[in-house]
Each structure stands twice: as C-alpha cells, then as structure tokens.
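Here the chain labels run A, B, C, D and E in written order, and each chain numbers its own residues starting at 1.
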C-alpha cells in the first residue's frame, strides 16, 4: 500500500493497486469513487488471464485482487504455495447450461457435443454443473478445480469439448449445449437466468467470488475498508441494477466458504 | 501429473494433424500468394499493380488480426468448410488463414532474392510466366524457401497451441491448460519437452534439406 | 462500445511502446544470433560447430515454447530485468525472447542467400570476420533483412496482443478482451482497424525501404 | 532478318541518365553472321538485348522477320523469342540445375520429349567439350566451362536467330576457334542469322560476314568484314583492325628505322587476293637496283582471301626506287610511303 | 615471391572427384610479371585462388615471401592477404555499394582516412576510365566496366602482389592495352609481383616476363616469354603461340601452294633480333637466281626484340635454291622446309 501526500489539499491519499481479470470495471469504478472520498485511490490493473493476478499479488506487485472464485483461489495458493488470504466475499455469478437446440437438459441426445470452458477456474465448475444436471457422474471427492479426466460416469456418452471460456457462446450452433459462465453469457447477449436451460443454484458456495490479499495484509485498514465498501448495501443495489440480476451480490462470512 | 500418457499421445496426434494439414493448406494458399506478390509488382513478370495492391492489402489485414480474433472472425468460414467451428479439424481453418499470409510474406522475400539474370535467361527463351515461376524462380529460390517453410512450420506449432481456444487440443494446449493454468509442472515439462523435440526435428530437417539444395 | 477514445489512445501508445522496444531489443538479440548461426556453420567464416549447435538448439527451445508459457517461464528474468513482472514494460521481456530467436532464423535465411563470391572478395582483401560481416554480408543482404524485419515486426504486433495476459495492455489486448471476450463488436472492429492500419503502414514502409535498397 | 530503326535506349536511375543507344539504324539479313564491335561501355550489350526486348527500347523500332516487336502482343513476342537463342555475357545459368538440365531447359520449355532431349543435350555437350560435366552444377565449373554451357543452351532448340554477347570472351583460342567453326557450320547448314557482340577483332575476322563498329551508342562504321578490315574509315575501326592485322610499327622497329635514317625510304604495301601470291618483292629485287627489307607486317587470310600488309624498306638510289615504285603501281598494288613516326 | 611446392587441389562433390591441380611446382620471383596460360578448365583459376587460400590446397605448399601459408595462423594469413590484390574472373563486386565504395573497400578495411581514400579512388577510377561512374552501382555497368572496377579495387591499396584472373577478358583491345601498360608501370615503379592468368596469348606477349603453360592441372612448359614464344616445346604451347604469331598457314595459302606445286619449295624463316633488320630477302633475290615469294607470316616485336616468322616460297632451279639456303644458313638464320600440309 503506497502512501503519498497531496500537499495542495493537505489530505493523505493512499494508493492501492487492485488486480482484476477482464475489462469489466463497472463495479470497481463505482467503488473507486466511493473510496476516493475517503482518500483511497484504487488503481485497477487489468489482466486477460487467471494466473498472473495471483502471482503478481504474491510478489507484492498488487495490493489486492478480485477476480476469482474461492474454489480456484484455494487450489491456486496450495499448488503455488502462496501466502494469500481472502478478506471478503463479493458476488456469485451463476454458470449456466445453454442450448440453441434443446429446451431441457434431458432432451440432450446420446453422443451429443457439449462445449465446456478449458480453464482451471471454470472447468471443474462446469463439470459439477453437468453432474447437478444429471448428465455425468463425478467422484465423491471431486475437487472443484478438477478436470475432464475425472468424469466417472457418462451415460449419454457426451463428447465434452474444451474451448476457451469466451468461445463457449460462439460454439452454440455447433454443439448441443455450452456451459457458459455468467459474465461471458451476459456479454454475449444472453440473460443467464432467462436463457440458460439449467444454472447453478445459489448455494454453489465454492464459486462465490472473493477479494484476496497477502496474508500479512490481512488486517490492513485500507484494504479492509475497500472490502467494506464492496459489501455496502449501496453497492449491492448497484450490482443488481447494473447486471439485471444476473450477478448476485453474495456477502457471506468467510467461514461459510471454508476460511 | 494431471494427465496420462494416453492424453499426451492423443494431444501429440492432434498437434501433428493440425500442423500437417494447416501447413499443407497454408502452403497451398501462401505459396501462390507469395509468388503473385512478387510477379505482379512493378517491373516484374506480369506487372499488375491492381492485383498487387489488393493482395498486399488483404495479406496485411490477415497479418494484423490477433490470432484469437481471427479464430472468431473465421467462424462462419470454418463452419462452412468443415461443418463446425470447434475441434481439431475446425482449428485448421483459422490456422491456415493465419499461416497462409505469413508464408506468402516469407515466400515473397525468398523469391525477391533470385538473381535477375536467371529471369532474363528465362525471358529470352520465351518462357511463359508460369514456366518462369515453376522452372526458374522456384527452383532457384528453393533452398531459401525450404528454410522459410521451416520457420513457418515452427510458427504453426506455436500457433496450434492457441488452437486450444476452439477445442483443437494438441500438445501446446495441454501445456497451457494443464501446465500453465493448473500448475502441473510435470505435464508442463513433458509437453514442452515434446514441443522442443518436434521443433528441433523440424529445424534440423529444414537445415539439412536447405543445405542439400544449396550445395555449399 | 465499452471503451472510450482515451482508452484506445492509451492502448495504442502501449502497443507502440511494446512493439518499438521489443523490436529494438529483439533485433539486438536476434541479429547477432542470426549472424552467428550463419558464420559458425560448417565451412563458413568462423566455423565452430560447438557454438553453432548450442545456438541452434537454444533458439529451437525458445521457438518451441508457446508464447503464453514463455510469458510465465520468463517471469523471474523479467522481474530481474525490469523489476516487475506485470505491465507494459514487463511484457517487453517475454516479447523479446519470443521475437529474438525468430528474428535470428529470418536473419539466418537472408544471410545464407548472399552470393559466396562477395565473401570471397572480402577474404581475399584480408578482411577480419567482423569486417566481413559488417561491411559485406549485412550490406549485401540488407534489402532482404529489411523485409525479414518487417515480417518480424508485424509478428510482434500480433504477439503483443497476447501480452495482455500479464497486464501489458495494448490495442491487440483491447481487441481480445473487449472484442473477443466481451462481444463488443464495435471495439473489436475499431481496434482491428487500427491494427490493420499499423500493419499496413509497417509493411508499406518495409516494402519501400527494401525496394530502395534493392534498387530494382 | 533483324532491323533496328532509330533505336534509342536511355537508362534512367536516380536522376542520372545514360544514353546507351543513340539512334541505331542497322539491318542484319537472314543467314548473315553479323559482328558488332566496340569499346567497353559502347552499348553493345544494350543493343543485343534490345533484339529480344530484354531491354525495352526507349524509342525506335526493332523489327524481326517483319514483326515490329514492341508493338506485338506479349504472347506473340514469346513466340518470336522461342526462335532466338541467346548467349549471355554473364552466362545467367541456373545454379540449382545441373549442366544437363541447364542445356535441356529450352527444350523442356518447348515440351520436347525426354528421349530426344537427352540425345540432343548430349550431342551439344559433346560438342562444347563438357560431356563429362553433365551432372555438375554451374558453380563447380570454370569460367570458360560456364560459358560453354551457355552456348550449348542457346543452340539447343536450333533457333533461327542466335545472339551472342561476348560468347567466347572467357575461352582460350582453341576452344574459341572450335566454337566459331561450329557457329559457322550451323549458319551454313541451317541458314541461321547470327549476331555476334565482341571486343575481339579476331572473332569477327574468323566468322563474320559483316561488321558494325559502335561507339557512344552510335554505329560509326559498317560494312563487309573485308572492306572494314582492308580499309577502315574511322579511327576506332582502324584501331580494332590493327589489333589483328599487326599493322602498327612496334617501337623496336621504329628505332631501327631511325638509326638507319637517310639512305632509305619506307613503304607500306597492301596485297589483296592473288597478288599476294606473286613473288613481287623478289621480282623487284631482281629488276631494279634496290635492296628490299621487310621490316614488319603480316600476310594473313580474310574471308578466304589472302591479305597482306608489309612494311618494306627500299634501299637504293632515288631514281631506282622511283622506277620500282612505278612498276608496283602499274601492277595495281597499293603502296604508300610511311614516315618513321607515323604508325 | 610466390612459390608452389607440389601443389594439388582435388574438388570433391557427391562422389565425383576432380583433380584441378596435379602437383604444381612453380616459383614466381619478386617483381616479376608471370603469366599462366592454358585451356578452359585447365586449372588456372584454381591455381591463382590457392595463392591467397581462397581454395585450400588438398596437399602441397604455397609459400609467399618465405611464409608457408597453410601453416600460418589465421591472423597472419590475413596480414599476408592485405598485401595481395586480386582481380576476380567473375568480378565479385558488391552490388549494394557504389563503384566508389567498391573501389574504396580495401582502403576502408585498412582504415585509411576519408580524404585520402577519396583522392586515391578518384585517381584509380580516372585511370580505368570510370571517373563518371563513381556513383553508379555495379548492376548499372557494362561487363567491361565491372571488370575495370575490379581492377581498380585490386590496385587500391598498392599491394605488393597482384593476382589477375582473366583481368582483361571482358575488355576491348585498347582498354586492355592501357590497363596492361598501367600494370607494367606499377610493376616497374613499385616492384610489385604480378601473376596473370589468361587465355589470351597477346596479354602474355604484351607484359609478361615469364610464362607457364598449364594443362590438366600440370605445368607442362615454363620459361621466359621470349623462349616460349620463339621455341615452344609442347604442342599446347605451340598452339597458344601460333594464335598471336600467325604462323599457321591459312587454307587459302595452302591452296595456293598446292596449285603451284612442283616447281617451288616452301621454307619457314625465323628472324630474331636485328637479323630481322637485314634486307635478307632482297639480298638473296639479287645474289641467286631464285624468285622469292613471301606467302605468309609476320614480323612483330617480342619483349622489345623484333621477331619474324615468314613462309617464303623459293622458285628456281634446285641448284640455285640450294646455294641460297647455304648462304642463309651461314648467316645463322633459322630456316626449315615446310610441306604444303604441315602447319
């Protein structure tokens, strides 16, 4: 957390580098404005990738990041042996199963092609969703970042095709169904809650998004203040309005997500 | 390690398929384009500035578009040609449109280096443009063309890694999705090692062939 | 449209920064490598098979690794060199390691086409290898080198689009993140159009310079 | 037949202009062996390269067998070119192909069948003395060998016009002579027209029927070889002729003449045709009281006609010398006094 | 001084072997102008290229000023090469540089200062007649002009050894002659050693002190130019000599001889030095009852010495002819009978 004093106004401003993935900055722009009034200047660093924001945070090049689900986060810090912690939950963006050809997941025929995201943070989630929809079976101990190899049961003999997340809506004409994560579905002009033929229930706790910081910054006042600003009612309203209910503010205690 | 040897072999086959077919088609696309870029330019064999400018521009457009966007932009074309926009076969189409114009540029550079005296000799014999191209220009530039194609093939191996975006699979995609995104260092190591072997093999073969042809 | 003109201008500046600096450094890396690849090979100026084989191998390794993986693998190096692993400046390092070896191959191909008689003349004058390279080989291959560098520069513009992965930004990243990932067709169109203009400009300049140098 | 009408060729490059051909008018008849000679840079190559439009004339016409080339459609031009063989000054061989394939190329282009190509190419290589080099590549050949490959290639399709740009410049006299004999033979057998560019007057002497001298892009002299050799009109032509006629007095002879100055007079006697066979000198020595001393010169053959040029010293009394001269003049033999310093 | 000891050069390529030099032993003394002549493909270029190790000898030694080249360290070899200028058969100019820069190159390499380079290069270009082409590029030059650039370049650093591989093959006789005169001049002024490879005997006659004849990679004859020209030992040398000496009977003269056969005998008379200045023929015509007819031949100059070669027909009674012959023999002039068909 960098400090700099703005002598002309005689007021202390604190600079915070916050990493996000993708380019949708609407929520953070909203929060930044609120923070600015309190002397916190949030600099958004945008990544087009799910790896670098975490490594950069661990290396101290970011002060905080907010782009991932807790499931992804848990595995990431374990694999990389990073000393990061979540300080707040943010939103739940339900993933859905979409189709141009079928109205119901049960209509999906044998041997059909299903497009699923190929990245670690989305694939396990997609598989769990498929299991929830009764299309495939997964082992008891399936880890939320699991991959295709772990599918134990595939009664309809579905062909699961891995593509980059942004490709899933584009593949719709070529497949029986695509598993599309929330943000992408919205950007592609789909309404998650309306157009999906199946979507995650609100209790999909592993996929609640979080704000993460280095363990040593766990109690940093500024960073926690930012978390608080996110969890304000005002922000929740903004999100609901701006995202048409497709992004669900989910402010639960960290203990609910295993922290 | 999150992947098994079967997956690796499958990925290897996918890579080979993608590279081989997209190389084939991109040469079929790029070689004529490169030749046309040379022979239609000012003062050359069949000077035609209109054709030259259009080709030059179109090639530039394809060369400008980031691969991932090309991937999307080509979807209708891909669907038209192979019936689907995802999977290994579908990946070949954008790869061809990526590598074709690239090969055209490399071919252009090689052919421009052919000694003008050789073309003169051909013209003096009354050779048709087609004969000049096939019997004079290409054979004289062959060694340089082989090296250029080697460079392009290795470029294709790299680009094929990105074809994972549309479910193309392949070794490179394995390296990215497992090695990079899932931190499976062993998979990453193995897949990168396989890539190194492939590239090393391609380059050695290219060097050898070029040297044979150049004979010095 | 999700982006404003300010963002586009900023991205444009980032692209120019990335391409310009990584071009500079990758030429500084690739040109000597390419020269060494030529002059250390069998029967050439300063034949040294050990050096040749090592360079050839190392270049192949860098050419094998998919760019995104190179991006990660280079992080320690990047941090060592520029002090950070994210942002526009940090993106330059992996770009250099991507484009350097690539330029080396292009340079190799161009230099191998220089007429052996010219090198003979140089040797007969008692020129040192350094003099032969700087005063004979490079000037004679210049036109081809310019075209090769044009190809590499345009390749860098393409690769810089992937630098968004480490927060490098740039027009290409804008095209991918907004145009591709967020289905913002207008931004995609605008950014791609800007890329086309950049590439068209680079290629035209390269063609022009090469023609001036070739003088035919 | 090749005809140049008012041919001009100007090379333009970055501001500079070089007028290589400056209004050439020349007619080369069918079946003729026509030589063009001139200094280095005179425009010889430019001229010959205009015949098959390797250089587009800046203005003027090139007419081949009645066709005005520059106005023909491209396809027709190619047809015409198929009938023109060309030996290049810089060979222009394909390094990627063997000697065999290089020579075979014009035949391959004409889609002659394989067996026939093989036969013809071996015949040609045999002739130019490179039968054992068929599988070599041009960069493994010596300069003269490359040139011979170029010659074989130009002859491959038995063209009706042959253009030779310094076709024997890299060859030793024996090889040159055997190649010139071949050219003469095919000229006579197939009536092919041959245009030879050279700087070697001996080549012209050996096979040409006619010769033109080019200087600064202009034809400054033109005529049958015999006429130009026996009576060159321009200084340049005289220079070239003298290189093969040995009619310049070397210094040692000049010195000799000076030492003995006074008592003698020196004359240049030109014999042409059978008069060279007359024992003229001994006849004079017997008839008149003069001593004759052949200082220098030679008797050679020009297009089958003996042709002599002697520098003879007449020693004796003025009266006797005069009588001898009158006698020679009566025989219609050209005789001219030279001073010791005139060449 | 250049010395070849048992020099062999074998080219190997894909199975085939060509022995280009087959045990060459030759010594070229300092300050000498040494000519090497031979047929196309005889190994001339291979030989000269061994002098500066452009070709590594397969075996044998090349010794320059006492240094055995092949055993020297690379750096030292470079030093030696700096002192050797070379004119290439195929010019080997840099197309990317102007004529000026090409000629300046050896000076640039030697780090001579700009102003001096400028002066020297202009002097050289002036000399080779290309002062107006300084800013041109080689591909804008005619063949002969390129060759002259190559010559100027080779002379730029005033090397102490000059290697010329067919340095005048693309030049007209006048330009050739002026270049040879220059070479002779610098040879005399700076005592530089010049090795000239050529297929033109006239070049050798004009400036060489010594000559070697190479055939099939072997030196088959060697000696002073005068000796080789006046008395060539091998058939090849005789052939080369005859190309400049005009001592072969042309067909027309052969015919002439045959027609008149019977009553006459034909002799070849060689004059060397001052005996060429004696009015021999007229003397004989006066003294004896024979008619002399100079059929053919020439009198020329060889290294400053008049040198004559005449084919003379003696008409007369056997007895008188015999007396005349005896008289000639007494004068120590070489005379030999030739039959109509011997050349």
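As a working rule, a residue touches a chain if its C-beta (ideal position, glycine included) is under 8 Å from a C-beta of that chain, and two chains touch if they have at least 3 such contacts.
Everything numeric here is computed off the predicted structure, so don't read it as measured data.
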item: Contact pairs, highest-scoring chain pair; value: D-E
item: Far-end chain from subunit D, centres as C-alpha averages; value: A
item: Whole-Å separation of chain centres (CA-atom averages), subunit B against subunit C; value: 17
item: Averaged-CA centre spacing for the pair subunit C and subunit A, given as whole angstrom; value: 36
item: Centre distance in Å when subunit A and subunit E are each reduced to the mean of their C-alpha atoms; value: 89
item: Interchain centroid distance [CA atoms averaged], subunit B/subunit E, Å; value: 56
item: Shared interface positions of subunit C, touching two or more other chains; value: 68, 72, 143, 176, 180, 215-216
item: In subunit A, residues with contacts to at least two other chains; value: 51
item: Residues of subunit E touching at least two other chains; value: 13, 90, 139
item: Complex interface listing, subunit E residues touching subunit D; value: 11, 13, 16, 18, 37-41, 44-45, 89-90, 135-136, 140-145, 147-148, 166, 169-175, 199-201, 239-240, 243, 246, 250-253, 256, 260, 274, 276-286, 290-301, 304-306, 308, 310, 313, 315
item: Contacting residues of subunit B [partner subunit D, same complex]; value: 115, 117-118, 120-121, 123-128, 131, 135-136, 139-140, 142-143, 213, 215-216
item: Footprint of subunit B on subunit D - complex, ascending; value: 52, 54, 77-84, 86, 88, 90-97, 105-106, 108-109, 137, 139
item: Parts of subunit C lying in touch with subunit B, wherever the complex brings them together; value: 43, 56-57, 60-61, 63-69, 72, 102, 105-106, 108-110, 112-113, 116, 143-144, 147-148, 150-151, 154-155, 157-158, 161-162, 172, 175-176, 179-180, 188, 192, 195-196, 198-200, 203, 207, 210, 214, 216
item: Residue numbers on subunit A that touch subunit C, as the complex places them; value: 19, 22-24, 45-49, 51-52, 55-56, 59, 61-62, 165-166, 169, 184, 187-189
